[in-house]
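Read from first to last, the chains carry the letters A, B, C and D; within each, the first residue is number 1.
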Amino acid sequence: MTFYTALVIMGLLGLTLGAIVGVFVKLFKVEQDNRVELALELLPGANCGGCGRAGCADFARALAAGEVTPGNCPVSSVEQRAAIAMALGIDAGPIEMQQAVVCCRADIGAEEMNYNGVQDCNAANLVAGGPTTCRYGCLGLGSCARVCPFGAIEIVGRVAVVHPELCTGCKQCAKVCPRNVIKMVPANANIHIYCNSPEKAAIKRSLCAAGCIGCRKCEKLLPGKIKFDGMLAQIDYDSPDAITQEDIEKCNCPVHGIMSEKERYAVAKNAASGGKRA
Amino acid sequence: MKSSRNVMTFAGGIHPHGDGKSLTCYTPVQNAPLLDKYFVILAQNAGKPPIPVVKKGDRVKKYQLLAAADGAVSANLHSPTSGIVSNIRDIQGTHGVPTSAIEISADGLDEADSPFAPIPDWRHADVDILKQRVIEAGIVGMGGASFPTHVKLSPPEGKSVDTLILNGAECEPYLTADHRLMQEFPEKVIRGAAILGRILNIGNIFVGVEINKLDAIAALEHYAGDYGVKIAYLRVRYPQGSEKQLINAITGRTVRSGTLPMDSGCIVQNVATCAALDDAVTLGIPSVERIVTVTGEVVVKPGNFKLKIGTPALEAVRFAGGITEEPGKLVFGGPMMGFAQRSFQVPVCKNTSGILLIPQKQAYNFESSGCIHCGRCVQGCPMNLVPCLLSTAIEAGRFDLAAENHIMDCMECGSCAYVCPDHRPLIQNVRHAKAELRKQMNASKEK
Amino acid sequence: MKYLELTVGAVLVYNFVLSRFLGICPFLGVSKRLSTAMGMSGAVIFVMALASCITSAISNYLLEFTIAGTVIKLDFLRILLFILVIAALVQLLEIMMQKLTPSLYRALGIYLPLITTNCAVLGAATINAESGRNVLDSTIFGAFSGVGFALALLLFSSIRERLELAVPPKAFEGTPIALITAGILAMAFTGFAGLC
Amino acid sequence: MTDVDNDNIKLPTGEKLVLSSSPHLSSGSSLRKIMGGVLLALIPQIAASAWLFGMRALFIIFYTAVCCVAAEALWCKLADKDVWRNISDCSACVTGVLLAMCLPVTVPLYVPPLGAILAIWLAKQVYGGIGNNPFNPALVARVGLLIALPAAMTLWTPSRGMKQTNYPEKQLFYTAENIKKINNGEPLDGVSCATPLGVMKSIEKITDRSFKAEDNFTELDSWEMISRYAVGDRAGCLGETCAPALILGFFILVILNLINWKVPVIFIGTVMLITGTVNAIWPGVSPNPLFHLLNGGLLLGAIFMATDMVTSPITGRGCAVFACGCGILTSVIRLWGNYPEGVSFAILFMNALVPLIDRWCGKRPFGFVPKREKVNAHE
């Protein structure tokens, strides 16, 4: 008897509640796009904001809505981008990978200025133009390191250095830097010119011993690999013939401004441990 | 007798102890000797910098036009002395970044040649002629913002202005330039105010002066009646000289957030601006020099000097007898809102009211270990904000939270950082956040 | 007086989160923002009040009755039925919220359907059944238990919003510091012991 | 005019120029000065406790302060923070002295180190150190100890003047043997009695309003008793008994501008108002308000704990709400709760409410316009 009563009660209650829920589902129907979920699953999920949207979920919505292409996510790998494009049936967009480079060697070239205040690059840059002698150099207060979602930037001594193996090219650091000293370069390049100042050679030389003095020696010796933008030498990353270690030795830059990422890190470490300049 | 006067003030604010005014407020204004070189920075006004009309090698006379205004929000620039334009190049500006300047090598004759004539009969002169004179003479707000004065004098259609307020509060510690100006040249100030009143067609003119300048008040009162100007006595309180606070104290009106004083029917002008305007109208000379307080504990003979625009800070310090010890900071303007400079080569501009040298032991004044929510900044804030919360939010990168808490209303008067027992860099944080928020706003506008 | 005791007891003295330690999952999960915490609070109050009402009716009238002289006791069905009711209620709420407040729906995320397994709701229903309260008392108790949950969540989320601006040592960032705060909050609540 | 010899003028080189944001002046106040001021205000009560409870009181205060400073130093050492800078602001020392103020004189020596760990580590440093803690560290430690070690924390001994007469606190807890001990002048350590609030809790409440024949609390709130409480001659925590010393401390704090005077006044006023009302309506439920004012930690809590800058609201309006809430909760717990004393629980609970109070009792900015109007103003 108990058994049957229980059965009846359970059954009735279940049916009633089920019916009510069913009615509600009909009443409050919401259309959903399952492509958003799909895209979200395929995205890296770092929520770095490198795409300029509020996290991966927002980017996924924009993807489904056709506002962006998978290539707008700077963090995803080439394979991921292709997978997303295929899953959503859209164009993949630009898929070349990038990385960040801090183009400054103020740690070994320039004097430090006295500064008292907020330890943040953007805040410091507002105080009389920033506490560095060079207006284009790295402030070294670590705003980029704090904003990097991947922990790829280290402040060595007074200057930020990017660890290329950790960098995903999300551009967050380049966006936050008040001096625009962080450049986005192709991920496979590993030799760079570490100066960012377009100023005249005389001014530059009075401020920093490591700044490019614009002697154009490298341009002459390595035509096509190095180009000049005003007074500042720059590596032509689009050149089909990539710059090599031998090239660096060949042109023998008077301020040793051209170097590989590895060497740059070693130099910075050495300068930081060897005590600051007086 | 003082108590019978109606002393006006506002809510909040601070009273800096030992305001350092006694260093300079008793000594008369001195004229500075002529220098070899002057560096006239082009961007001396808020808005667009004027365009040079002279070129390298030109011979110029004193008062000759050096650069002409570029558009409506810009101001003419005139030569401070006679000589040769030896260069036009980038020099260290007052905001730390290199800026274009005209270098003039003085010939020592100081030969004057004003481009315009005096208007002695200004009471009956055409208003448009007076207005034109303000533009010609390159008058800008000399209190600090250096906003071209003629812009303020043409209220847009539909906005009626009924009160003109002269800002003689000089609430910044250490500065006494306006004090000495009002005391030694009261008629210039009052007459300048009357001319402004005529241009704007306003009879209701106040000069607001803090009651720690009784000698200046007495001097002003001597002339006030003749020109129909009223003196408003202000309580000694920082920032009494802030536009919004001044209007609130004198008229009782509240300038709403995001609006201009004009929207509340008021126009505020600095007393030094009025004196410059009086010079331009009654003497027919443009704005090429100003009274600057050169002061600080490490200065040998602090005082007020009539300096030509373009005088480097180093020379100003030389006039003041040099220093007793190497200073830890060079500040243009007052200690509360002034800007620290990178070098002593920075020249005096039209808005440089003071050159302040701060001893080394006071130079590192920001060292924070953590906000203890004491609420002193909240009591001190004249804008009724919560600076400690703003600053904490900014340090955590929460600019949205700062915006929610009305950070844009902050006028960076520095009262909060002054009273902070933890010596937090509150104002720098605020500036950082404002810059960041403006960037975001522009970005969203572009979208 | 009886209702005062019932309500004060439910809100303060036997606060579900801070005295009985029930419903910790959403307490930690949705307390990062005050606004979402408020939304969650509303949802929980709604579910707790309704669930208490319905489950109390069930336990009072359906679980023990006499048919043709035989007393039928269905106590063993209690938890089963309660969960059924709660799950259905949460489903209703979810469907409604998805339509009416999509942003809150998204902010609450997984914690909304998880109200089903929120032991505070089932706890309230069970406590009601065990103390033999009538339907009105049960509903009041359920509603105010929800209010108690809301109070705890409100306090906690406002503190967490402030903690977000603080710089705790790395090891304590996030959940550890939240749990310590909850502990101290619970300590403060012990002071209400004996009020009723 | 240039009577100065130009060659002898010393001119700045600008080598040592510091770049920083305005303002370039500071009022000269500092955390250390603030904390020093609080310690100064505590000195009268420290002296009073030494007089009332003997030299062991001084030792306990010193010992607890040292424990707290040591805990702070240890944490900073382990967390790789600047040890000296964290200790030298004296905040740990203030926490230590305030915690000692909440302990009975007979407290076992293992309690203060535990309290220091609770206060400095759990309530302060895990939140990131000074200024970040949402709860008052001293109170967290006190409440934590009270819950964990109720016996050790309520081991009251009679104060100086209580040894002679038979007060109700003694009658309840004194055995004949102990009285003999006192009469023989034997040491009192380990001898316990109750606080007046504890006695109050033990008296059964009578809500019958017609009950007027004999006041339920005559023994507790007669004038004789009140005047005894007023000088602090009663059992209790080290820092809570002597009202004149605490009030002196209050004036020191107010003169040094370290606290908002409204907080203690509103806090105490609310408690007195509520207990006074209850006393007037049901004399059998509550003793008179003076009893509540002078007993328990009300004065200590209101003057030194509720005014803690870190854990109280920022605006004046918020402080008033905060103090009022503290007063209400204190009265409710004292009159109807299980614990005889409600001050610390009340303040701790209100600490939790501070973020909400700050949010809802904010100031209206100068010239603020509500959103709807603002749009028009811009157009």
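Simple rule for what comes next: a contact is a pair of C-beta atoms (placed from the backbone, for glycine too) under 8 Å apart; a residue touches a chain by one contact, two chains touch by 3 or more.
These numbers were taken from a predicted model, which means no experiment stands behind them.
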Worksheet item: Among all the other chains, which ones are in touch with both subunit A and subunit D?
Response: B, C
Practice prompt. Could you pull out the chain whose C-alpha mean position is farthest off from that of subunit B?
Written response: C
Response to the item:
Taking each chain's mean CA coordinate, subunit A and subunit B are separated, in whole Å, by 42
Practice prompt. Can you check how far apart subunit B and subunit C are, centre to centre, with Cα atoms defining each centre and the answer in Å?
Written response: 61
Discussion item. Counting only Cα atoms for the centres, state how far subunit B is from subunit D in Å.
Written reply: 48
Discussion item. Going by the contact rule already set, what residues in subunit D reach two or more other chains?
Written reply: 16-21, 128, 132
Item to complete: Would you mind listing the residues of subunit B that make contact with two or more other chains?
Response: 96, 339-342, 363-366, 395, 425, 428, 431
Worksheet entry | Multi-partner residues of subunit A (each touching 2 or more other chains) | 113-114, 116-118, 123, 126-128
Discussion item. Chain contact topology under the given definition, line, ring, star, complete or other?
Written reply: complete
Response to the item:
Counting only contacts in the complex, subunit B reaches subunit D at residues 11-12, 14, 16-17, 30-31, 33, 96, 173, 244, 248, 254-259, 263, 300-301, 314, 317-319, 321-324, 326-331, 333, 335-344, 356-358, 360, 362-366, 369-376, 378, 382-386, 388-389, 405-406, 409, 412, 414, 417-423, 425, 427-428, 431
Item to complete: Mind listing the subunit C positions that touch subunit D in their complex?
Response: 34, 154-155, 158-159, 161-163, 166-169, 172, 176-177, 180-181, 184-185, 187-196
Fill in: subunit A-touching residues of subunit C, taken from the complex the two chains share
58, 62, 67, 70, 72-74, 77, 80-81, 84-85, 88, 91-92, 95-96, 98-100, 102
Worksheet item: Which residues, counting only subunit A, touch subunit C once they are in their complex?
Response: 1-2, 5-6, 9-10, 13-14, 17-18, 20-21, 24-25, 27-30
Worksheet item: For the complex, which residues does subunit B have touching subunit A?
Response: 95-98, 339-342, 363-367, 395, 397, 425, 428-429, 431-432, 435-436
